[in-house]
Structure formats: structure tokens, C-alpha cells
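Below are structures written as C-alpha cells.
Consider the two complexes below, in which chain A is the common component and chain B and chain C are the respective partners.
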Partner chain A sequence: MASISALPRPLAWNRERGVRLRPVPEQAVCLAYRPQPPMLFGLNLTSWLLLTLCDGRSEAEIGRDYDAAVREAGGPGSEPGAFETALHGLEELRLIRRAPAADAMDETEEGRAK
Partner chain B sequence: MSDLRDLLRQHGAPAPNAMAMPGETRSDDGLFFEVVAPPGPTTAHTTLAEWSCMMSWKQIETLQAFLKTNYRTTGKTPDTLFNDAMQFLQIGSYLGTYLAKHTGGSQVRMLLSYSPGAGKTIEQIYEAWGNFLKQPPAGWQDAAAAISELRQQWLQGHEREQSGLMLLSGVDLATRLADDKKFPFASIDRA
Partner chain C sequence: MNPVLHTPPKITIGLTEACPLRCRHCYADCARAPKPGELDAERWIDLLRDLSEQGVIQVYFEGGEPLIKPGLVDILRACSQTMMTKLRTHGWQLDDALAATLADAGLGRALVDLAGGNAATHDAATGVTGSFRQSCDAIAALARHHIPVDALVILTRQTAPELQAIADLAAALGADRLGILRLYPLGRARQAWSDLALPLAEQMAAIAAIRPPAGLGIMQSWHPKDRNCCWQAAAINAFGRAIGCMYLREYVDFGDATQTPYNEIFRTNAQYRALREGPVEASCSDCSAPQGRPGGCRSTAYAWHGRWTAPDPFDVTLNHGIDLSLAPPARLEP
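So, the complex of A and B:
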């Protein structure tokens, strides 16, 4: 019988360190500042939604919450594959990073305590 | 999060998109833009330059009448002539003259987009501009005069500013911040 510790740990996603968000709701966008390397990004509603969900949750949880929000709203962001594309895109821009779920939650809590 | 969900309900869920935005570097020394590297074949380092000032409503009416009228016998408006001149000099284009409403007044902004040809330095751009305005080439006298009149209107405004909006990725920040001539507080800030 395999021990629990030998089971693969679920994949979680966190915002990259130091990423700051500045919502601009009147224009339905959010500005995201990435300090390393420095760059400013404009995120539309669905990318903004996804970035806020990357707070240490597992990928499965993020996908579930994303689907619930966009299904209700409707539109291209709710089409199959949009979630994976968006997640991959945010990772390429180095706005989010993957981490084992447990570590990610620890770090998130630490970040909140600061 | 609930605000975001409200926005999604209101606008629908667009295809996800995250795009790089230009970062802003402001300068109050009149050196309102700089070319920090030769642009690549598809990556011109466009820099937006802005002259802005506050104007009274009377001044704005005068400015608008000027902008909407074809200049002298050119058959073109001042904004168009401005744009033609920048393209003629191969230094970019004139985006236009804009009005920004603010509490307590109205701000006018003149926006220039500098996209110089490869290897063109700031000194060369300034020199080309200066020569063009002082001694316009044949056929460009009216364009130079229109630019001068627009600049004169800006000079009559209040709280004038010149600033540059440049791509953050195109700015050599490390060099800039280490250069006492460009950033005199470097020794303090970086200590």
C-alpha cells in the first residue's frame, strides 16, 4: 500500500513575487506590474480573473472557479481551451508560477501576514 | 472578486488577453525623449512625446478653430501638416491634439510619436527638427509655420509640461540611472 507522501502532489499556481495589480474597472481591465524583469501589462477581464484566482489554489480549483465565473458571463472566454491558453499565457509572461500545492499555500499565508 | 464577477456579467467573458504596456518615464528637464538602442527590423522603439498644458475655455476655442481650419493655402489642417513634416523627416508621426477634462480645468495635449529610423540618435533628431523649423525646405514653409503656431499656443497655456512615454522594455534603466548626467540623484538613491 502506497503511503500518502508518495502520491503526486497537486499542482498549484501563485502570482510571481512582487506582482502588483491595479484594477481599472471603468475600462474593464487590470494593470499588472511585474518587477522582475520590470514590465507593465494590461489584462482583460478573463486574464484578470485568472490572475486573481492564482493565489495558491490547485489548478483544478482554479479551473473550477474560472469555469463558474465565465460560464455565467458567456463569451469567448468560456470556450473550451480558453482556460489552459490563458494560464499558459500568464506563465509565459511570468505573472504566475507553478508550485506544489502545499508550498504554495504556505507562501500565500506568509505573504498575507506581511 | 464580486466586482470582477459583476464586470464579467456586464461585458461577457472575452478571450483571455494580457499584453505588455508602455511604461512611463517623465522628465522635467526638456529632454523629453531619448533613443537608447537602435530599433530592430520589426521592433522600432517608438516613444510618445507629449506637450501638455492647461487652457482656459476661450483659449481652447481659439485652438480648436485653428486646428479645424485648413492652414493658409495648403488645403490641410495644422495637425496634418505636423504629421507630414515628421514623416518627411523620417522621425515618426504626429498623433494629434487632444483635450483632457479635469476637475478645475481643461488640459490640452499634443502627442508626437517618435519612431526614428535605425541608428538615428536623439541629437540627430533634434538637429533635423531645429533645421526644419528655422529654415524649412522648399515647399515646407507653411508646415513649419503651422507647427510654430501650434507651439505658440502651447506656450500661452498654463502648467506646461513636456514628457515622454517610452516602452519600458526599450529603456536602458540601469545605464540611465547610473549616469549622473541623466539622473543626478543616482549616488544617493543607489547607495
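So, the complex of A and C:
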């Protein structure tokens, strides 16, 4: 019988350390600064929404909250595969990183305490 | 029409008007020593921290020569925690050790001026023998330390025949973009205008003839890319004055950014608001950036016509017979 610690842990997503968001609602974009290595990105509404959801939630939670927000807004991002594409894109830009869900929550709490 | 932005996400900082070079095309009348009243590093760090807290997320440093500003590395290190940093330089004494220091301080991109495709042209323009070698060495050192680099060239009578050589050189040294900039009638450039400036047709021909080497992007601001950037303009000169854009340096003064929060100046100064609202008498539909404002550069429009709403003479569709090889009339009052 496998021990509990050997069971696969749910995957979660966090923002990379130091990433700063600067919404520009006048233009429906959000600028995202990644300090290591330094780069400034312009995010569309879909990526902006997704990045704000990457706060230690599990991928399943992010997907659920993303779908709810997109459905409510009725705008772009609801087409098939949009969620996965945007999530993969943010990872490629090194704006988010994977972490086991429990660790991710710990880091989120640590971040909030600062 | 209202301004596009309520607060500026990006800002340009003219760190100093000191420079070891004596460029004929200098816009700031730079001298070797700092001018009285320039802010020191400590004040810049405080001011830039405030700007970050006000929402600025990108800072573009220029001069003068920012590399000779005492405390530059401390300023960069403080800014790069929360803001993308860019640095325009002639590459003065920028060797591998300094490139490593800049990388460690978090510099996001460097922009290095070339004033020619060879030492003879470049050094004649800067007035300093050996400055071409320094600029080239700087681009190579920055690239070796993985700092993305733009090479910049101001289009003049002297650089136009060498644009292809400059593009090839920039790519060979490791730059990923070449920015071709127009000559502005400011500072010493205005005094040497007839020796430096080309008619618009010759400027357009020089740009059209460039064949970018593989891997090198070309940026230019002539038709069909002549944009009115004022909608997002934010800049502070070496003395802490809010001037919107460094190319407006001789024409406007929106207030003291060391005493008044920049966002308040941005929101309340009537002249600044009017520029960002962007009303123009004529515009080129090909050149109107969808997220910006039409009509082309307001600095050159004002320089030649004396009206902020005037056509930009650097756009072939708006030039209306103005000979850009002749200096514009003097403007006595901001």
C-alpha cells in the first residue's frame, strides 16, 4: 500500500518571484515586468486574467475560475484551447511557475505576510 | 477628446547633461562637467521610487552620457527591482567589467549610439578620437553579458551613406535592433543644421535602401511609421523638470517633478494634457497608430510651424514642400 506522501500532489501555479503587474485599463492591457531576466510584456485580457489567478491555486481551480470569468464577461478567451494556450504562453515567458499545490499555498501565504 | 492615459506607465529620465564627447548633433549642449542644479543619485533614487509607486513600470535613462553619472549603478539597481530599465549611451568606457556590473544591477536593455559606420565618420561627429572603438566595444561587451542591445543612429548627411555599413556592423557586434532616428533642431544640432541635415527625399531614399542583415530588426519613424507619441509621453530632465518628451526639451516646462507628484502634473497641466489629447490639423492614415494619436511627431511639427497641431514635415504626406535641409525658424518663447 502506497504511503500518502507518495501519492501525486495536485499541480498549482504561482507568479514568478518579483513579477509586477501594471494594469492599463484605458487600453485593455496589463504590463507585466519580470525582473529576472528583465523584460516587460504587454498582456491581453485573457493572459492578464489568467496571471492574476496564478496565486497558488491548483490548475483545476484556475481553470474553473477562468471559465467562470470568461463566461461572465462574454469576451475573448472562451474558444476551445484558449486557457491551455494562454497558460503555456505565460509559462514560456517565465511569468508563472509550477509548484505542488501545498507548497504553492505556503509561498502565497508567505508572500501575503510580507 | 480626452488623453488616452490617466497616468504614465513609462518615463524617460535625462540623468545628466554632462558628456565626455562633443557631438556636433548633440541636443543638450552637453559639457564635460554637470550643469548646476542637476539632481544627484540619492535624489533620483527617491524620485524614481515615488514614480514606481505612482505606477511607472519602465524607465528609459539617457543624457548626456549616463555612464558618467555618479551613482548610476545604484540608481539602476534600485529601479530594476520593480521597473524595466533601458539605458541610452555612447558606450563610454563600457568594457566587460562594466557590462557585468550593469547586468548584475538588472539593466534590461541598452541602446548604443553609432555616429558612423567607421571611425573616421563617427569620431568626426563626436569630436573624440577613439570614441567609435568604444561604442563598438560596448555593444559587443553588452551582448556578451546577455544584455539586449539596440544600436542607434541619427540620420544625417554624414550617416546616410553609411546606413548599410552601420546595420551590418550592429548585427556583427551583437545588437538585435537598429533604430534610425531623425535629426532634431535642438542644441548644437540646430547650430550645425545646414552641415548635418538632408532633404526629406534623401532621408527616405537612405532608409529605403537598407537591407537588414539576418537577425537585425530595423526601427524608424518616417512614413509609414511616423507616429504621434505624445499620448504616452512622460519625461524628466536632469534638473527634475517635467518635460513630457526629451525632444520637447527646449519648448515646454510642465513643472517641478521633485515637488509635485508626476501623476498630478500629468493630470492637471493644461499644455501637457492638450499635447496628449492630440488634436492635429492633418494626419496620414497610414501612419496613425491604432492605440496612439495621429499626425506624427509634435516636436518637429512645432519646430517648423510654431503650432502644436501642425503637420509633421518629416512625413512625406504632410511635408508640403518644406525643405528639411534648411533650419526651422527660431522659437523665442516656450
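Annotations
Quick note on the criterion: the second predicted complex is superposed on the first by the 109 of 114 C-alpha atoms of A that agree within 3 Å, B and C clash if a C-alpha of one lies under 4 Å from a C-alpha of the other, contacts with A are read in each partner's own complex, and residues count from 1 in each chain.
By our rule, a residue touches a chain if its C-beta (ideal position, glycine included) is under 8 Å from a C-beta of that chain, and two chains touch if they have at least 3 such contacts.
Every value quoted in this text rests on a predicted model; they were computed, and no experiment measured them.
Per the definitions stated earlier, placing chain B and chain C onto a shared chain A by superposition produces a clash between them. Within the superposed three-chain model, A:90 lies in touch with chain B and out of touch with chain C [touch as defined at top].
In the overlay built on the shared chain, the residue A:31 is in contact with chain B and with chain C. Touch counts on chain A: comparing chain C and chain B, the chain ahead is B. In the superposition on chain A, A:52 makes contact with chain B only, not with chain C. Contacts of A:82 after superposition on the shared chain: chain B is touched, whereas chain C is not. After overlaying the two complexes on the shared chain, residue contacts for A:22 are found with chain C alone; chain B is out of touch.
In the superposition on chain A, contact is made by A:39 with both chain B and chain C.
Touched by chain B in one complex and by chain C in the other are residues 31, 38-40 of chain A.
Residues of chain A that touch chain B in their complex: 23, 25, 28, 31-32, 38-52, 69-70, 72-79, 82, 85-86, 89-90, 93, 95.
Within the complex formed with chain A, the chain B residues making contact are 1, 3-5, 7-23, 168-169, 173.
The touching residues of chain C, counted against chain A in their complex, run 4-6, 9, 55, 57-58, 80-85, 106-109, 146, 291.
Per the touch definition, chain A reaches chain C in the complex via residues 18, 20, 22, 24, 26-27, 31, 33, 35, 37-40.
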